[in-house]
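Each structure below appears as structure tokens.
Across the two complexes that follow, subunit A remains constant while its partner is subunit B and subsequently subunit C.
Moving on, here comes the complex of A and B:
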């Protein structure tokens, strides 16, 4: 009865996941507190536009690149879009993931077909490779890149690769591969609050502030 | 640690608020801000990537305002900012940034990098770092009445000339009028025709106005060098003069950072709202147009294009007003690519124009503006900032481009319908 792969899977599903979830949520709360606690001074200049509404609008509108800019950094823009979209589709629309969410929260939605999931996963992995390449070669990206950036790319791509391997039973023991997949997700969750992965939450604040600062002045954002 | 370094670090520390923390937390070092920056685009030197110019501030934020950074600090994994760091960053923070604000509009996570440069300059100047020209200008303005020295004789002479040219009386220190007019030093020294233009337009429109002999200079080097104390003192002078005269409003002139200083930063600098409104001259002209009080006759037939000053449009929110006025007086008005909110900076803003050390780099960066102008090949460029006007005049000459530059207020006045 001694199956280390099964034991590992059980640990990853049980205590491993709980630990990761606590660090993930606790870390996000800590990081957001670090931001919000600093506050900002009330702006005493009479407003020309509605900063609040433009702040909210900018949270969404900044997802679209400004006209004419894509051609100057095509790898960053296209790689960025493909990775983010691929990751989200694979995460939220893969049937077993939806089943997990239904178990936990009792809500569900239609799943995407396997061809779609596998295609977007493969594309997202390629996008990470392209983004990594541009960090290694493009002078601007290279000069900005730190260990954190490579770590974040690695942590983001591992769940995609391990998931793909586990689902397609490409190699290794399937139980072991599923455990490794779960562990890679947990590594991502643990690192999330303390690395640049945190942008996935804090961007809402940053875009809101940007839009509200500009919006008060009646300026575009 | 030296006293000045400590003062600088304290000033920088004070600038770190929730927006700054959210911006640094969100940066994924994608480098897209570089593509928006005229200094990077023309040099392709990665050191001019906007977020890199903020690295010292980021380091301070990380080390002192995040738990992980603090632990890193205790373990000696990160280094505190030294005076040598500040010296090394000075050219990045002052010479290669006009605070034009394009990076703020392209950052995918929404970082207001320009606001952070403004904040970082507080730390730089408090620690004794900053271009000597700006330090000198600040001293002159604090000791006297203008960043250019004593301009009180000049303003009186220019007013006298305007009265002689237009036959319209312009009174100093007249209480209870609608508006107090202030001018940028550049206008007083180089483009005084704006006085006569305003006199004619306001007379037709029935707007009463005056100039304070105590505070007539709109520029505010405190905003550029990054010193809240200097900026506050200069704003306070204007506020005191306006409130003493009991005017309804103060007209912010064709000057980018002056508008930013008085309209947007000023109330926050002095800690209260004013007892008068601040209106940009172009906003006022557009209002008068809408009310039917500004009527023009005839049109300029040259091919005219418009240069948007960064602090007035992108960072000031005045975008449509000048275009409505242009369409009143320009028969052949052509917009450049990227006109409006994403217009390219003339390269002289944010104190860069006054900074001699920055001149070679500024001329390289101007190639971006030049390319934009070349594409439409206009006969003349119209703008609404005297310093953009001054910069364009000078650099166009350097590039042997025979192009006239004009101020929008003067252009409108030229076609004022005197019979209406």
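Moving on, here comes the complex of A and C:
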């Protein structure tokens, strides 16, 4: 006699994770190799500033919001920050996730308590809902939104929701919900290299290129 | 069965007072998670019920389940055997052996056909009947033959309930559970490696007093398997606060913090260990400082390692990761070089266009 929920969990922890990992890591490395090898056209003009330092600075400075953004696009500004911070805290400070990182890389750090993890998870889910709503109602954003954007929003929010449900046993068999949570993360991993989710890695290169181009011209960025 | 004495007469001969009997009924009732108002009903049922014949078959097992049930304190196995059931065949506990023992089983089956309770511990090998035989009869044949006349079957232990350790990968004997073979009889699964003694006797007592208890989708009585270890664990507050033992002898382990990172399977395991506990309610594995192995769940032996946390992948994923880095880099280089070659070719084939040409084409 088998427990289908347990079998699904073991598949998600075993072959499912392996498949997702190969596509995730392989896809990221593939795209990064392409980006690095293709590089940029050599700038023949004499440099007016230090492109390298300006590039490095821009990697970080672009994380600080522009002045006036909160008035111009409050939902994007607040929702964006809340979602990203919430997702990072839930991912990096929930004990079971730290256990996974520890197993893979041998490093660990103290876990956050349940109140913090669940609060930031709930806020991150609300932020995604707000961001989706603004995409659906604002005519300009709506026309700019593609299927890819909706897919990315869905794939990012599903692990948060399924994780919350699994930990709190809100509904369904807890073993099954844990399996569903892992599968939702695996779906995110598989889509990652081939959608806008890749920005989580490629932002470093994009910002460096932008910053160094401007820096070489002697401009701030 | 008709000539067997009823409980009141037995109590008299064993010198059991009415008060002691009612105490026994009260502890049974609370064990079965029933309302205290049902104590008189339990007493009445036990007093008037005929002591059913019980046949206990042991197949591919380690006798751990029998060892465990003999340590039940409420009700004790003696209570059950002398007061509530007539244990007619159990080849570890009975004095008779060989043909005499088999004759006892056949006699009990004949006398109580359709009414006896069959208890099974151990899994049944399907690959080769010779892997496990009793008196020359294969486990499969004995189970089929004995189950045919049973009123109900109780599969004691994870081996009988779900295949257990013999069923673990690569399952060399082709071991299966009772419910994989018998489809036409009510089966109560009482998994555990071994099950908690009072859970085994409690389930038997429930069967004797109220019939088959409410079962979950894995055939387990909800009264004992309704909640997860994690939800009832006294270390749960440490999980919620994010405080974990990292090794078996660190400060966290000594302070009694959560054992999740040491591989505790409490979150996916349903059992009464955290509430009923073991050894007359003394403690349970987590209280003794060891993570839960998840022994009441099917395939617990193959759950990715006893000492690996639930969130850690079960496969050899590091090799996959390295392969992915190498593969991804190779394809990336190839793809980039192809793009560069394409670009160079495009530059070569570039046709110069001047304003005059553009005007012509528009």
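Convention: the second predicted complex is superposed on the first by the 218 of 221 C-alpha atoms of A that agree within 3 Å, B and C clash if a C-alpha of one lies under 4 Å from a C-alpha of the other, contacts with A are read in each partner's own complex, and residues count from 1 in each chain.
To be clear about the criterion, a residue touches a chain if its C-beta (ideal position, glycine included) is under 8 Å from a C-beta of that chain, and two chains touch if they have at least 3 such contacts.
These numbers come from a predicted model, not from an experiment.
**Q** Where does A:111 make contact in the superposed view: on subunit B (first), on subunit C (second), on both, or on neither?
**A** Second partner only, subunit C.
**Q** If you stack the two complexes on chain A, which partner ends up touching A:6: first (subunit B), second (subunit C), both, or neither?
**A** Once the two structures are laid over each other on A, A:6 reaches subunit C alone.
**Q** Quick check for you: in the superposed arrangement, does A:30 touch first (subunit B), second (subunit C), both or neither?
**A** both
**Q** Based on the superposed arrangement, let me know which partner A:38 touches: subunit B (first), subunit C (second), both, or neither?
**A** A:38 contacts both subunit B and subunit C.
**Q** Please work out whether A:18 is in contact with subunit B alone, subunit C alone, both, or neither, and reply first, second, both or neither.
**A** second
**Q** Contact-wise, after the overlay, does A:218 reach subunit B, subunit C, both or neither (first, second, both, neither)?
**A** Touch partner of A:218: subunit B, not subunit C.
**Q** Under the stated touch criterion, name the partner, subunit B or subunit C, that contacts more residues in subunit A.
**A** Of the two chains, more subunit A residues are contacted by B.
**Q** Output the subunit A positions appearing in both contact lists, the one against subunit B and the one against subunit C.
**A** 30-31, 34, 37-38
**Q** Spell out the residues on subunit A that touch subunit C in their complex, using ranges where they run on.
**A** Residue positions touching the partner: 1-3, 6-7, 9-10, 13-15, 17-18, 21-34, 37-38, 93, 95-97, 99-100, 102-104, 108, 110-114, 117, 169, 174-175, 178.
**Q** What part of subunit C is in contact with subunit A in the complex they form?
**A** 161-163, 177, 179-180, 189, 218-219, 228, 231, 239-244, 246, 258, 260-261, 267-268, 297-299, 302-304, 308-315, 317-318, 320-321, 323-325, 327-329, 331-333, 335-337, 339-340
**Q** Per the contact definition, I'd like the list of subunit A residues that touch subunit B in the complex.
**A** Touching subunit B from subunit A are residues 30-31, 34-41, 43-46, 48-49, 58-59, 62-63, 65-69, 72-73, 76-77, 80, 138-146, 149, 152, 194, 196, 198-199, 202-203, 205-211, 213-214, 217-221.
**Q** Quick check on the complex: what are the subunit B residues that touch subunit A?
**A** 16-23, 25-32, 34-36, 40, 44, 46-47, 49, 51-52, 65-68, 104-112, 115, 263-268, 271-273, 277, 313-319, 337-338, 341-342
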